[in-house]
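Letters A, B, C and D mark the chains in the order given here, with residues in each chain numbered from 1 onward.
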Amino acid sequence: MNLTRYVDTAFANPKLLIGGLGLAIIAAIALAAPLLPLQDPLDQSLFAQNLPPFWLPGHDASYLLGTDSLGRDLLSRLVWGARPVLIVMVLGAALSGVVGVIVGLVSGYLGGGSDAVLSRIIEVFMAFPPMLLAIVLVAVVGPGLYAVVISIALIGWTRFARVVRAEVLVLREQDFITAAHLLGYRWFRILFQELLPNIIPMVLALLALEMGRAIVVEAILAFIGFSTSDMATWGGILADGRNYIYQAWWIMTLPIFAITLSVLTLSLLADGLRLALDPVIRR
Amino acid sequence: MALPTLLGVMVVVFVLIRVVPGDPISMMISGEASPDDIAKLREAYGLDRSIPVQFLYFLKTVSTGHLGTSISLHQDVLELIMGRLPATLELAILALFFATVLGVSFALTSVYWRGRWPEVAVDAANALALALPEFLWALLLILLLSVSIPLFPISGRTDPSNAAVFHTQFYLFESLFTARFSDFAEILRHMFLPAISLALPLTAVIGRVLKSSLLDAINQDYVLLARAKGFSPLYVLLRHALPNALIPTITITGTQFTLLVGGTVLIELIFAYPGIGNMLFGAAINRDLPLMQGITIVFAVVFILINICIDMSYALINPRVRLD
Amino acid sequence: MLEAINVSIALPDRSQKSLFGRAPLLKIIQNVDLTVQRGKVVGIVGESGSGKSTIGRSLLGLYRPVTGKVMLEGKDLASLSKEELREARFKIQMIFQDSQSSLNPRRKIIDILADPFVANGRASRSDARNKALALLERVGMRPAHGDRYPHQLSGGQRQRIGIARAIALEPSYIVADEIVSGLDVSVQAQVLALLRQLRAENSLGMVFISHDLSVVRTLCDDVVVMQHGRVVEAGECTRVFNDPRNDYTKKLLRAVPLPVVEKDWLDESRRCDSEAVTELPSAVAAMR
Amino acid sequence: MSKALLQVSDLGVEIGTGKHATRILRGVNLEIKPGEIRGLVGESGGGKTMVGKAITGLLPSSAVVSSGRILFQEQNLLELPAKNRRLLLGTKIAMILQQPSTALNPVLRIENQITDVLTRRLGYDRKSARDYALELLSMVHIRAPERVLRQYPHELSGGMCQRVVIAIAFAGKPSLIVADEPTTALDVTVQFEILKLIKELQAKTGTAVLFVTHDLGVVAKICDVVSVIFAGRILEQGRTEDVIGRPAHPYTQALIAASPRLDRPDAGLQPVPGELTASLWNDAVASDLEQSHA
């Protein structure tokens, strides 16, 4: 395939293009944070509290997007805040994906007793409010980034498991699986060659969505003070801004904007992936 | 179906209590208690027995309707929860109402005017509502409708100055059914932002699923036949396509509604709304295990009840299920 | 020889399943006898719900009979170990009705045809590819079709791929389940011609399941007529079609609309005339 | 000879617009006289279903009529306002569909599905609508009409469903019924019963029928006249005994030769020659080009 065809394909699916680019930008900002000429995101300044961003009167040129209630530079905090987002997004989604896909595959493919047990476990997990699981987990592990990652996995794996199981149940009844049995294929070939390729596109789309959810869960846990406290987080800025909405509304607006944009990007990516990988829709 | 799930929830809750660091006893007592006292307390709470026996004891207590005593508030857990549960239920039901009304009208609008601008507009709104979780909606709406345009209050269930007397904890329903409309409006105004934030993601799910089921339905032969009877497009859509499209929508609304109820936890915190979700945070911060445990079980029971309701409404609308 | 001896099969009836417990078993076919010789085509005809597909699948060992047994060259399929059954299955293959769902949508045609060789260690990757190309040619398709995905082919082409896959491991018997029912007559004629040719080349024994009596008449040597899970009549095609003895067979034959104009075909009186179908050839002769 | 009930002339239908438009029908001419059964036979992709949908005005939203006229009782349907055209359906023109199991609404009782057309389109009140519904069901030889009225489609067999669909079609005493492959999904013995029923009701009411099918056998048994369609063009038409017995067009001949014959096992099954269909398609596409240049 040559370059122009790649370009054509990309423009034929703008959702995938925008989503993919957006994800790349988030990753790039997170990785490049230490290299950028920014103030220390943790540096406090009592003389520069709740400063507005550059387009509002009363701003300070050295704080482009203003400061929070402790006088920390908001631009810098936003950029550095992308780092925990990246960690949590990748690890959280990957962990939920791996656990969920394995459970879903086993449950759907083996059926019978193991399916009954696994389905029940999924149901039990879904009977808890997700936030409750996260809170209890933080109570066990203690606040921090890894507690956040595990919380995300604890909440997210059921989504993968349910969808994958349902899909495997449908695929299992298709004639091409019967044909595979008749041709003497062994279970690993049936699982990895016949079933898995039919599930992967959906799993990829779910992963993109899950990454978006991971960002939100991280923000929530940081917002209620259960995430890491030695890094700048978007949720942390939110929590700070929540206390000053009437005096300095921009503090909360900035991270909301960042989170919203990232989540939208990832949901576009999910839609784009679904479109791009479906052999029938694609033509 | 429901019982094994509930039992599973009990097991998880029981295990969680045991893995949370810190002996529940040591949290109940002051530092100066003698080892003897501690042993007595352990015995009183059954903690000296083997784990399976403890689990059975725990089940027995729960099955008699006792959820223990709150450590931080020194009150019966069930009483505490029952005092707050109505507020949460009202919020969830109001949100479900918003979501259904908005979602169904979104879907119908975009299918009826498909290929024209209302479809594009509704789809864009839907995609936005779907992508953002209730947490972000709550903060955004606070900024928009409380801070920049001060329309709605951002905390509480009613104004502290409000002297209205309620006989039940269901303030919204009580004021509505006793026709005290100014109280009703006041409470609704307080509930509007939290309910709408909770409702928006579900609105989008209902809108999207119903739309695709409707599009699916209008391509079916029975809709072609209905059109061949010479009915107007609106009648065909509402009478022939909608009932069929509702079947898959109800299933998904069910699972999503449990998510909505789960979402009340955070929304209540953000809006300082006095429901059980807000109470859960207090319990978590105070490490009030009996209270956390009680709230968890109540949430699980509510989830299971919702699923039963969904199954029943599903059977009501789908004649195939009724027979089986 | 592939035989079904007194086979009955019961499957769980999901529609009757209560919330708890198992679904009750429903007898799909009862006491069916069937013999397929190599080089012969046995047609199974019947209307929907007659159990004709179920008997076809039970010949492949996909269902375990409640009574009776399925014998492949003298061996009872149910008595075989899992591994022996796997080996035995290479001798019996299946072609499916729905060509779309019978081919993995995410694999290229060439891989679908090469897999049977690779999976069973019968050929190396590159060898298997050549064998797959040879199969494509045998079913009248071009090598270029190998690079496509199933959804990029027409229904008739997909059905050819299904046939190619079924003959890949050179089985002795093939079960073809309604394989032409979704196809246009012109495509159907091509697929049937292909089947005839393969059967002559490989002395295949074939079970041809169809609701279309005309197709069975043209393709098969023997025919089994099924109704409500039982065999109501069986025998050589010529005999069964020219001299049906069972009332249901007669009713079926009478209901087939031949492309011959008869003004009184729909008349009730004529339907009682059991000679009608056997007389038809002369009616055709008169028209010419 | 009586005057034509329906006269389709030079009907062209396209799917999509602009550069991506694909022609589905290319100048179709078709005439149906009152009270006759006109067969329209062809293979899938030939456009036969589109003719029926163009006549009823139920084309999919992506399809547009690009040329021609559809004169029904001397008014051009294509020039009628959409609403007036819709009001012909259910009263003057009715439809029977291919899949009886999906043609009825799965969540509505049979009673509602029959009476809604009676009350909303034909001016019956509730009471008389029910009586007439019972009458219609006995007309299509359903033995326990009272019970069937209370049932849902999934509780009925395919044949029973198709009888209900036929009852609905005949309810408004239409002058034209478009039957789109009405027996294809049915078992052969049920097909026989349904064909008999259609013929019987058609003879009794004098309704004209456009019978769309792929099955030459069915055409031979039920149609008075037949048109053969391929690549969106009518290749041959005439009295059924002529077209089936002495086909003039090579495509019709090939189609007949390809059909398996219960009565003559050694005949039939001659694959339609690829050159023939290819040249027909080429002709069709060439005519498209000519038209777009003109």
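FYI, a residue touches a chain if its C-beta (ideal position, glycine included) is under 8 Å from a C-beta of that chain, and two chains touch if they have at least 3 such contacts.
All values derive from a computational prediction rather than experimental measurement.
When you average the Cα atoms of each chain and compare centres, the chain farthest from subunit A turns out to be D.
In this structure, the chain pairs A-B and A-C differ in their number of contacting C-beta pairs, and the larger number is found at A-B.
For this pair, subunit A with subunit B, the centres built from the Cα atoms lie 23 Å apart. Chain centres here are Cα means. That of subunit A falls 50 Å from that of subunit C. Centroids built from CA atoms put subunit C at 54 Å from subunit B. If you check the complex, the residues on subunit B that touch subunit A are 4-6, 8-9, 11-12, 16, 19-21, 127-128, 130-133, 135-136, 139-140, 142-143, 146-148, 255, 258-259, 261-266, 269-270, 277, 280-281, 284, 287, 292, 295-296, 299-300, 303-304. On the side of subunit D, the complex with subunit B involves touching residues 56, 58, 61, 86-91, 94-95, 97-99, 102-108, 116-117, 120-121, 152, 154-155, 165, 168.
Against subunit D, in their complex, subunit B makes its touches with residues 114-115, 220-222, 224-232, 235, 239-240, 243-244, 247, 317-320, 323.
Within the complex, the subunit C residues that touch subunit D are 47-48, 184-186, 188-190, 192-193, 211-215, 217-219, 237-238, 241, 251-262, 265-266, 277, 280-281, 284, 287. Residues 43-44, 158, 187-192, 195-196, 199, 214-222, 240-241, 244-245, 254-256, 258-266, 268-272, 277 of subunit D are the ones touching subunit C in the complex.
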